[in-house]
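As written, the chain order gives the labels A, B, C, D, E and F, with residue 1 at the start of each chain.
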Amino acid sequence: MENIVVQTVERADPQIVRRLGECGVATVHEAQGRKGLMASYMSPIYAGAALGASAVTILAPPGDNWMLHVAIEQLKEGDVLVLAPTSPCTDGYFGDLLATSASARGCRGLVIDAGVRDVADLTKMKFPVWSKAVHAQGTVKETLGSVNVPIVCAGAYVRPGDVIVADDDGVCVVAREEAEAVLKKAEARVANEASKRERLAAGELGLDIYDMRARLAEKGLKYV
Amino acid sequence: MENIVVQTVERADPQIVRRLGECGVATVHEAQGRKGLMASYMSPIYAGAALGASAVTILAPPGDNWMLHVAIEQLKEGDVLVLAPTSPCTDGYFGDLLATSASARGCRGLVIDAGVRDVADLTKMKFPVWSKAVHAQGTVKETLGSVNVPIVCAGAYVRPGDVIVADDDGVCVVAREEAEAVLKKAEARVANEASKRERLAAGELGLDIYDMRARLAEKGLKYV
Amino acid sequence: MENIVVQTVERADPQIVRRLGECGVATVHEAQGRKGLMASYMSPIYAGAALGASAVTILAPPGDNWMLHVAIEQLKEGDVLVLAPTSPCTDGYFGDLLATSASARGCRGLVIDAGVRDVADLTKMKFPVWSKAVHAQGTVKETLGSVNVPIVCAGAYVRPGDVIVADDDGVCVVAREEAEAVLKKAEARVANEASKRERLAAGELGLDIYDMRARLAEKGLKYV
Amino acid sequence: MENIVVQTVERADPQIVRRLGECGVATVHEAQGRKGLMASYMSPIYAGAALGASAVTILAPPGDNWMLHVAIEQLKEGDVLVLAPTSPCTDGYFGDLLATSASARGCRGLVIDAGVRDVADLTKMKFPVWSKAVHAQGTVKETLGSVNVPIVCAGAYVRPGDVIVADDDGVCVVAREEAEAVLKKAEARVANEASKRERLAAGELGLDIYDMRARLAEKGLKYV
Amino acid sequence: MENIVVQTVERADPQIVRRLGECGVATVHEAQGRKGLMASYMSPIYAGAALGASAVTILAPPGDNWMLHVAIEQLKEGDVLVLAPTSPCTDGYFGDLLATSASARGCRGLVIDAGVRDVADLTKMKFPVWSKAVHAQGTVKETLGSVNVPIVCAGAYVRPGDVIVADDDGVCVVAREEAEAVLKKAEARVANEASKRERLAAGELGLDIYDMRARLAEKGLKYV
Amino acid sequence: MENIVVQTVERADPQIVRRLGECGVATVHEAQGRKGLMASYMSPIYAGAALGASAVTILAPPGDNWMLHVAIEQLKEGDVLVLAPTSPCTDGYFGDLLATSASARGCRGLVIDAGVRDVADLTKMKFPVWSKAVHAQGTVKETLGSVNVPIVCAGAYVRPGDVIVADDDGVCVVAREEAEAVLKKAEARVANEASKRERLAAGELGLDIYDMRARLAEKGLKYV
């Protein structure tokens, strides 16, 4: 595997990216046909964080955070760093110094299928991170990886420039070229849910709203 | 396995259920002889939630939340939904719309040996959930399960109408017919602990309060 | 294995212990050459806790918390209890009564490679605990262990009197006799990081500050 | 929880038990409507073991195997020991001496949601064990549990006298009173599968044998 | 996500596929620059199995094996089925009947990031399976997935027609269009290793063969 | 942490080491008071392997096997390599070439709290390995570690020259200076077990042999 840094990355329209972030993970995931979701072990380091951003991807060796420094130079306003290790690792690749540097380049957060540290400081800085682990374990700078190549991160395939949506429910990837279409469906869902919510709050049942009773009976459900 | 919905469920006295909730999981678990505790992976989606409620049980296929709609119709004021999947699953069976619907029927919360989503909204609604995972992954409505049958949820056997006590320490099940007796013992423990707490706070040692020194010596403990 | 309680434990200078705590886990771990870190599954029961304290160590059987009572008598002002079970266990060895007792003896917190309970109360008391699990499961008082012997806790070797540093990033052990030297290096790191932080915040890149470009090229990194 | 030993246990007809064992876990699990299966982490200590036997159940504290000695006295020819710890444990509760003793009483094997040891000897003895772990860790004899009470073992509810079917695919529990009906269905499945196997081996497709094409099209599957 | 079956799949040259299988996973993984390896939890159901085959990919809902029937029709001589569930699942999607059917179509084995059952029969049939779990848990046929679309299986990105190499060390994916180049490097490695093996067997040290001493000293390694 | 290779290691008497190996893990673990056992996830790559050998210890970075080459030079006839990574890792540090080299120096096996590869070849060579994982994932040679320093491996503290006993039940460490005393107790246990086995095989109960009935009654066990 050659070690490369791809410097030209196409990104989706910033307004679309931002609005996808506002729709939230569960809605976007549904809107795009339930694909692109990262594994459930990806947790935010603090509650209430939410993100819509364009991915700068990093493939890094276990216990080696050298490529993070390389990736930060590739950041543009509105990006998020997305790191996958080449083998499972919980080391703390990223802390408050790197967050300071990334923030200075317009970075909105980090998604990492590995560990993060200095989480008290990151929380104070309001720099959101979704990670597999929190661990103080330090890393080295000895082995190359790549920046802005397609990666598999926490079970999801991510290409540079894809849109990352993240909140307390996890992390979802939207293909850059589908971002606009997905946004349209996602915002339609949000609108539609509002009216559903009202009816449900008033005590109407999903069984009736979604007209489920006949099909349940047909499948053989018995009330006793 | 026939798929059924049992519509008549006996519940414990609401005052007893409420007071068991106030005693808390650790105390109730001790009071009933250390049984009925769910696995330690069952975590609240926000800190500080506490619950005493009667179980409406759900047995559901992996990745299929149809039975939740069926179960909501069976809810009475003061109930909690308790869902066990028929095989291990972390999908998000439940979100803010279902919580809105369940709340409208008097439901106090959800205990689910699977995933939940929309946790930011659920937290705002103060709808407590104890779950195995937080995951945005959507589910289908294709395969039947059952409602109000005995289930094994996170390692604990739960029958419809059993009392569920839940807080930051986890989830405990009290058999409906033992609820009153367990409450008596639990409240006695609470009273007894108050006096212990005072003595310990004053610097007295458990070694002396519980008279442990002789038995430790007899077992062979050596001070060096 | 004989079951013993070692009553004489040398501790590091209280000022050094306190200042190590203020440096934080990530810094101390780096300062001592990246050793002594406990496993990443050791989590604080509430965010924001931080600790520098001297270890009173406990080796206890699974599901048996008898030795905690014995250990509490050995506590001195500024100590932390550090418990390793003799085999993996998630039971709740420790709750608010033991915390009350330990606090009365000057104890600053608990590090336990097992479970803890009453976490809502412990949070209110501001008694910090780093644990593998939160579980209400009760324990017995039947089998001896030892107090103030060397133990392996969550993958780290801890001797009585060693310094424990803990915060949101995890738990790190500093050998008592190295405490002073490690503190010196740790405080130097803190000072050094402040200037780095400023330069990074101003937009300077780690690639330039740490002079990485030549070495990256030499290793074969290609920009495309 | 009182600690009791129930001495009178009703068992299913030995011929039915044996024949259920011959049907195998996957077939029996299907035949009874896909219930009663233990978790997938329950593995045989050697490949090729298979079992149909009546359960003598044991509820035991973590790291304490005293109740195994008590249970062995309750064994009858054709029984299997089924042990659930009161909290998660991987200690080696059982080894070749206990297997020798159990065998002498007619015991056919052990199902344990914890650890086992001496597996090389047990393999030589052809004493099958399905367990969560293999670990040499020793246990104590200090705390009571119960024998022949209902337990939850690896997620399945087991009552004394229920039928245990186990093979390389795992462990399944059949309620004693349903054993005969389940056997009838299981043996019908075995017969039916033979003809299916022939047709499939001849190259016929499940799509055609089970007549799936129309329903797939109706659901919207597209061939491209 | 539309549910589709792609019927035209380009495959690599059968001789290349076969020879990649003979090189083995570790060698192929090295030869292609250490990429394409599935997670370490993917285990063969019996020791000694080895495979080089072309992927027919399956994306299937949790607990639903309908798409396996669809995929079998798409198999050609020398193919392997590769299944990823849309969310984590350990159910037994595949057993001896499906293996009989797949074998009749020339299928060489199954790679599944979920469960398999009837492993005793599959072992007798010498039908190799690499899976995440062995579990008898049955599945339904209710929800569509897709066949021959790109999937992420156990952390690796797999496209239909890619080459799968599997043995006791795990499973590796080789991009179809790189298969020939990777084979060349892999076979060169095999040849090169033979001479290394001889020298090492004769007692020569890797330190000398690979000329490591100077670089170790330069990095600061001290012999004491 | 300085990176060092300690060249002078005291070992226990080879006859004692060999005989400890013959006693087996469960017996040795009991004989030394149930200490020194590694975690239950340490599994042999093939059934039936057994080992008594002196430890050459290795502390290695995640994904970096350089120190294995350094350690092989330090091996003496009858040694075993024992490797702990500085953070959790499942990469395949060791394969058939390193095994060939180690064997040529008299090495008896490998104990590694990480991954191993080429397990089919290692099995053919009868080179036993106890590991946390089997994974083909390759490693680099960039970062130093240490050889023959004290390490924590899979939860056990190991010093160079300590005796490693390993078999199908796992891995146990005996302190070099206690080896002779532990052997005496272990061989006494073996002798004692033979007579116990006979009595148990004859149908005598542990309840009677170990005289447990009175104590069970006193603790409150009730026969119903």
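We adopt the following convention: contacts are C-beta pairs under 8 Å (C-beta built on N, C-alpha and C of every residue); 3 or more make two chains touch, one makes a residue touch a chain.
Bear in mind the structure is a predicted one, so any value in this text is a computation, not a measurement.
Participant: Spelling it out: a chain qualifies if it touches subunit C and also touches subunit E; which chains qualify?
Facilitator: Touching subunit C as well as subunit E, we find A, B, D, F.
Participant: Have a look at where subunit E meets subunit F and say same if over half of the interface residue numbers show up on both copies, different if under half do.
Facilitator: different
Participant: Provide the C-alpha centroid distance between subunit B and subunit E, rounded to the nearest whole angstrom.
Facilitator: Chain centres of subunit B and subunit E, defined by C-alpha means, are spaced 42 Å apart.
Participant: Report the inter-centroid distance (CA atoms only) between subunit D and subunit F in whole Å.
Facilitator: Result: the chain centres lie 31 Å from each other.
Participant: Centre to centre, by mean C-alpha position, how many angstrom separate subunit B and subunit D?
Facilitator: 28
Participant: Specify, in ascending order, the residues of subunit C that touch 2 or more different other chains.
Facilitator: 2, 34, 37, 40, 86-88, 90, 135, 137, 143, in rising order.
Participant: Taking the top-of-page definition of touch, could you list the pairs of chains it picks out?
Facilitator: A-B, A-C, A-E, A-F, B-C, B-D, B-E, C-D, C-F, D-E, D-F, E-F
Participant: Which residues of subunit D touch subunit E in the complex?
Facilitator: 24-26, 29-30, 34, 37, 40, 43, 47-48, 50, 167-170, 172, 193, 196-197, 200-207, 210, 212, 216, 219-224
Participant: Okay, in this complex, where on subunit C does subunit F touch?
Facilitator: 1-2, 32-35, 37, 39-40, 86-88, 150, 152, 155-157
Participant: Provide the residue numbers of subunit B that touch subunit E in the complex, in ascending order.
Facilitator: Within the complex, subunit B touches subunit E at residues 61-64, 86-91, 135, 137, 140, 142-143.
Participant: Which residues, counting only subunit B, touch subunit A once they are in their complex?
Facilitator: 2-7, 46, 66, 69-70, 72-73, 90, 92, 95-98, 100-101, 103-105, 115, 117-120, 123, 133-138, 141, 143-144
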